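One chain, subunit A, links the two complexes that follow: it is found with subunit B in the first and with subunit C in the second.
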Partner chain A sequence: MNGRTLKALVPLVVVAAVAVLPLLITDRFLLKVFTFAGINALVVVGLALLFGYTGQVSLGHAAFVGLGAYTCAVCTVRLGWPWPLAFAASGALAALGGLALALPSLRLKGHYLAMATLGFGELMVLAFREAEPLTGGVDGFGGIPFPALGPLEVRSAGALYWLVWVVVGIALLAAYNVTSMRPGRAMRALHGSELGAQACGVDVVGVKVRTFVVSALLAGLAGALYASVVGFVSPSVFTLAASITFVAMAVLGGTGSLAGPIAAAVLLTLLQYLDALVPGIPRETAQTIQTYQEDIYGLAIVLVVIFAPGGLASFWRRRGRGGELS
Partner chain B sequence: MSLLQVRNVTKRFGGLTAVDDVSFDVFEGTIKALIGPNGAGKTTLFNALTGFDRPDQGSVLFDDTELVGRRPRDTVRAGVARTFQNTQLFDGMTAGENVMVGKQVHQRRGFSAAMLRLPASLAEDREAREEAGRLLRLIGIEEWVDTPAGDLPAGIRRLVEIARALATGPRLLLLDEPAAGLNATEARELVQTLFRVRDGGITVVIVEHHMGLVMDVSDEIVVLDRGSKIAEGPPRMIQKDPAVIAAYLGGETDDDA
Partner chain C sequence: MDELLQFLIAGLKNGSIYALVALGFTIVFAATGAINFAQGEFFMLGGMLGVFFAELGLPLAVAAVAAIAATAAIGAAFELLAVRPLGGGDPLRIIMVTIGGAVVLHQLALHLFGPNERALAPFTEGPSIKLFGAAIERQTVWIWALTAIAVVALAFLYRRTTFGRAMRATSIRRDAARLVGVNASAMVTWSFALAAALGAVGGLAVAPLTQTAFSVGPGMGVKGFAAAVLGGLGNPVAAVGGGLILGLLESLTAGYVDPVYKDGVAFVVLLVVLFVRPQGLFGGSGRVKV
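This part shows the complex of A and B:
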């Protein structure tokens, strides 16, 4: 078997492993952790497009997750919509929010998007907290039903896991198609040289705005999944800290890659539940790690930027090029 | 026929007049050179012609459409392509992919078509890949097609940028110092390439310091000094023009007195 066949097998093996995981794991809590990893991975696919391919930074993606989560909650509980419709509405509203934010801030040169998203994130948390009649305020919004596809309710831990990862798979496939074709080349081009991209007639603002909207859409869908899996949402989940975590995943995963950020999303999610995953770990060690979690992320970002700008993706990319999924 | 009419173009930066009331014509199917000492305003003029900078006064007519006030993207669409003095390649992408980006200005399939892998999107991809291969062969650098642009030697980078500009399907190609960083052999090859480009029906304007190359390729030369046009004509006349010699050798002129 030559290297190329081997390389083609890697995605298949990974997909198979992700698919059979619920059959191997009986612990429901552990399965839920891997479900959360999938939800985070969905957000990070969008951020990988935005940060890793287009070179734009968002410090407020948790707000889009929140927007999706609350939209799903309101649509299912208050309006009584069927779940698929609520799910779609969550993505659509987040995308709309992304468009409203990206259009004005991306017309300006410089890092206005990062600033705008930072402000937007804080504003949305405030809105989730204060719009009590709609969101339940600081007490949160409970009683959100499980996902249901027609008469089929998805409620077992394994089924929820599969639902989430199927959505991740579809998003990944769509993102891979985008990056390997015309829009993806435009994204990488403007990241490489904005002047050069303009000289090639690339619609620089348009491509940035579209990428941002796609990333907001995926974040909104992830939020809807989160709300439906947990059944309860509260403003504290969608704060700046969560946004930074998503950025850390994207940075750690590496630029110009989709698989790297997904791997980083899974790894950093597992880190949050270290005590549940490693049975022998002393309680205090796990607690210390969780206390300093934010600092660990910050440190990880700094170390990656200084020593391994290619992130996780660069580890397997070094063994020969090609394989755009890497 | 005059493909490009530059009329009274003036660009000021604060108190400095970088380009001062410059007018000239570029005729279809010719190669025109823009020369002058450093700081003469050549690159500023290029930026004004391609939408990267807006002149304070004047007009730029390309095939009877006004280019002043248009964005770079619209000048590319109108048929004006350019390269940069500091090459602006996309370093993370291969030489071939760089050229493919040039092709996409006249393609239309966007995000949704790509996501779904629609046949039209795949067809455009194939078309871009074939065009990139063709252009790299035309320029004579097809062996670099899969090399990341960041790993290319300086001379090859300039040629890839020319291929990328050609991929936009221009009628007018503006080259900003294409011979900088090339050795003597590469410079000779560039001359042949420029002739091939011109014979393919593309009008060329080059900014260049390499005088041998300028004299070899250009049908006409415009000389700028401190923002103003001081001479214009065929190479032989320019070589003998006292004002040009004075500008290059730093001779005495009236305003120094």
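This part shows the complex of A and C:
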């Protein structure tokens, strides 16, 4: 087999491995960890488009996840909407929020968006906590039903895993199509040189705004999945720390790549649950990792940007092509 | 009427702190063209280190000076370790490094000082000062005095000293500054140290009134940045004006609308200014140089 066919086989093998995982794992908790990995991966697909292709960064994506999660909770529990409708509404509301943020802050050159998202994140956590009649306040919002597609309720650990990863797969396919066609070329062009892209007729502001809205939409959908899988949401989940985790995943994954950030999302999620994954690991080691988790993310961002701006993706990409963070 | 006066005093008090943080943003932006996301953490470190040194038994004045000096040193080290290796260039990389660095500083403070809120003793004890029926806490006077001193000292430094001219030359055009013998990379280090010191002054001055904790950095970062953008990013005088106006808007909102919305004001101001008047209130031309 030559290199090319081998390379074409890699995605197939990965998809097959992801698909059969629930048949190989019997431990329900472990399966849930992989389900969470999928939810994080969904957020990171959007962030990878934003960061790795248009060169913008968001410090508030956890707030979009939260917005989606609370929307799904309110729509299913309070309004009694069917799940697919609540799921769509979660994505739509997050996308709308993203549009409201992106329009003012992306019109200008520079990185105002990052600061605007930081402010948005802080504000949303406050809103989740204060809007008690709607969100349940600090006590959280419980009793969220499992996802249901018509009469078919998705409730077993394996089925939830498949549902999440099917959504990830669809998002990934869409993102891959976007990046490999005309919009993707526009994104890469403006990442290289905004002025140059503009001169070539790229609607620079439009591309950046659309990318951000798509990333907010995916985060909202991820939030709806999270709420339905866990059945309970509370404000402490959607803080700046979570947003930083997503950024760390995108940065570690590498620019101009989708596979890298997804791999990073899965790896960093598994790191959080290392004790469940590796049975023999000493308790203290697992606890130390938990305590210093955010330190690790912060340091990882700094070190990757300084020493390996290509991230994980540069390991399997041929040298000399792409990978620079400019 | 007394009520309004009280709101104005509270607004100018918080506004002075925002002005100090906004100045920090402005200085680093001028030197590097990038937003320093660790600016809020410098504010946090000023307060937390002040508490730490005071708890060691140092007199308050000594503890305060030590906290400012230590934060400035951390700012310089931050630049040398994380920003310098990038060799200037793309602001996105500088921003990413300051984001990661801010997380590290934040976590270090958590590990060293713990998760609890800390309080610093007021700089001078005593009852509030009465003025036309309004009460001004003594610490508020300290905040105003320290902000005024910091602003005047900064203006003197920038306008009257060779060092300040070198800083300004670097911010106008780095290569040209280097050609005439300015050590441009040292100026970038100094700008981080100065920005950190200004943030620390703010964090120290406000700590007796509001208490402080390892987690206050990001929130203050957003407010200080909103103040800088409101005034016009890149202009020190405008940063001070933006800070004071933001403080007033916040306290009037808290007073006349609902205190719940107070923390949302800065964010709304940031978005509205970016949308309507990106050059800021005091930015002259409409050029999108910002």
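Rule of thumb we're sticking to: the second predicted complex is superposed on the first by the 318 of 326 C-alpha atoms of A that agree within 3 Å, B and C clash if a C-alpha of one lies under 4 Å from a C-alpha of the other, contacts with A are read in each partner's own complex, and residues count from 1 in each chain.
Everything below uses one rule, namely that contacts are C-beta pairs under 8 Å (C-beta built on N, C-alpha and C of every residue); 3 or more make two chains touch, one makes a residue touch a chain.
Since this is a predicted model, take the numbers as computed values, not measurements.
After overlaying the two complexes on the shared chain, residue contacts for A:Leu195 are found with subunit B alone; subunit C is out of touch. Using the contact criterion defined above for the overlaid structures, shared-chain residue A:Val65 touches neither subunit B nor subunit C, since it reaches no partner.
In the superposed model, C is the one of subunit B and subunit C that contacts more residues of subunit A. Residue contacts after overlaying the shared chain place A:Arg210 against subunit B, while subunit C stays out of touching range. With both structures placed on the common chain, the touch criterion links A:Leu101 to subunit C but leaves subunit B unconnected. With both structures placed on the common chain, the touch criterion links A:Met181 to subunit B but leaves subunit C unconnected. Of the two partner chains placed around the shared chain by superposition, neither subunit B nor subunit C is touched by A:Leu172.
No residue of subunit A is contacted both by subunit B in one complex and by subunit C in the other. Every residue of subunit A that touches subunit B in the complex is listed here, in rising order: 174-175, 177-178, 181-186, 188-189, 191-193, 195-204, 210, 214, 255-256, 321. Note for the complex: subunit C touches subunit A at residues 34-35, 37, 82, 85-86, 90-93, 95-97, 99-104, 106-108, 111, 218-219, 221-222, 225-226, 229, 260, 263-264, 266-267, 270-272, 274-275, 278, 288, 290. Interface residues of subunit B, counted against subunit A in their complex, comprise 50, 52, 71-73, 76-77, 81-84, 88-93, 97-98, 100-102, 104-105, 107, 109-111, 114-117, 121-122, 124-125, 128, 146, 148-149, 161, 164-165, 167-168. Subunit A contributes residues 55, 57, 59, 100-101, 103-105, 107-112, 114-116, 118-120, 122-123, 126, 130, 240, 244, 247-248, 251, 292, 294-295, 297-302, 305-306, 309, 325-326 to its touches with subunit C in the complex.
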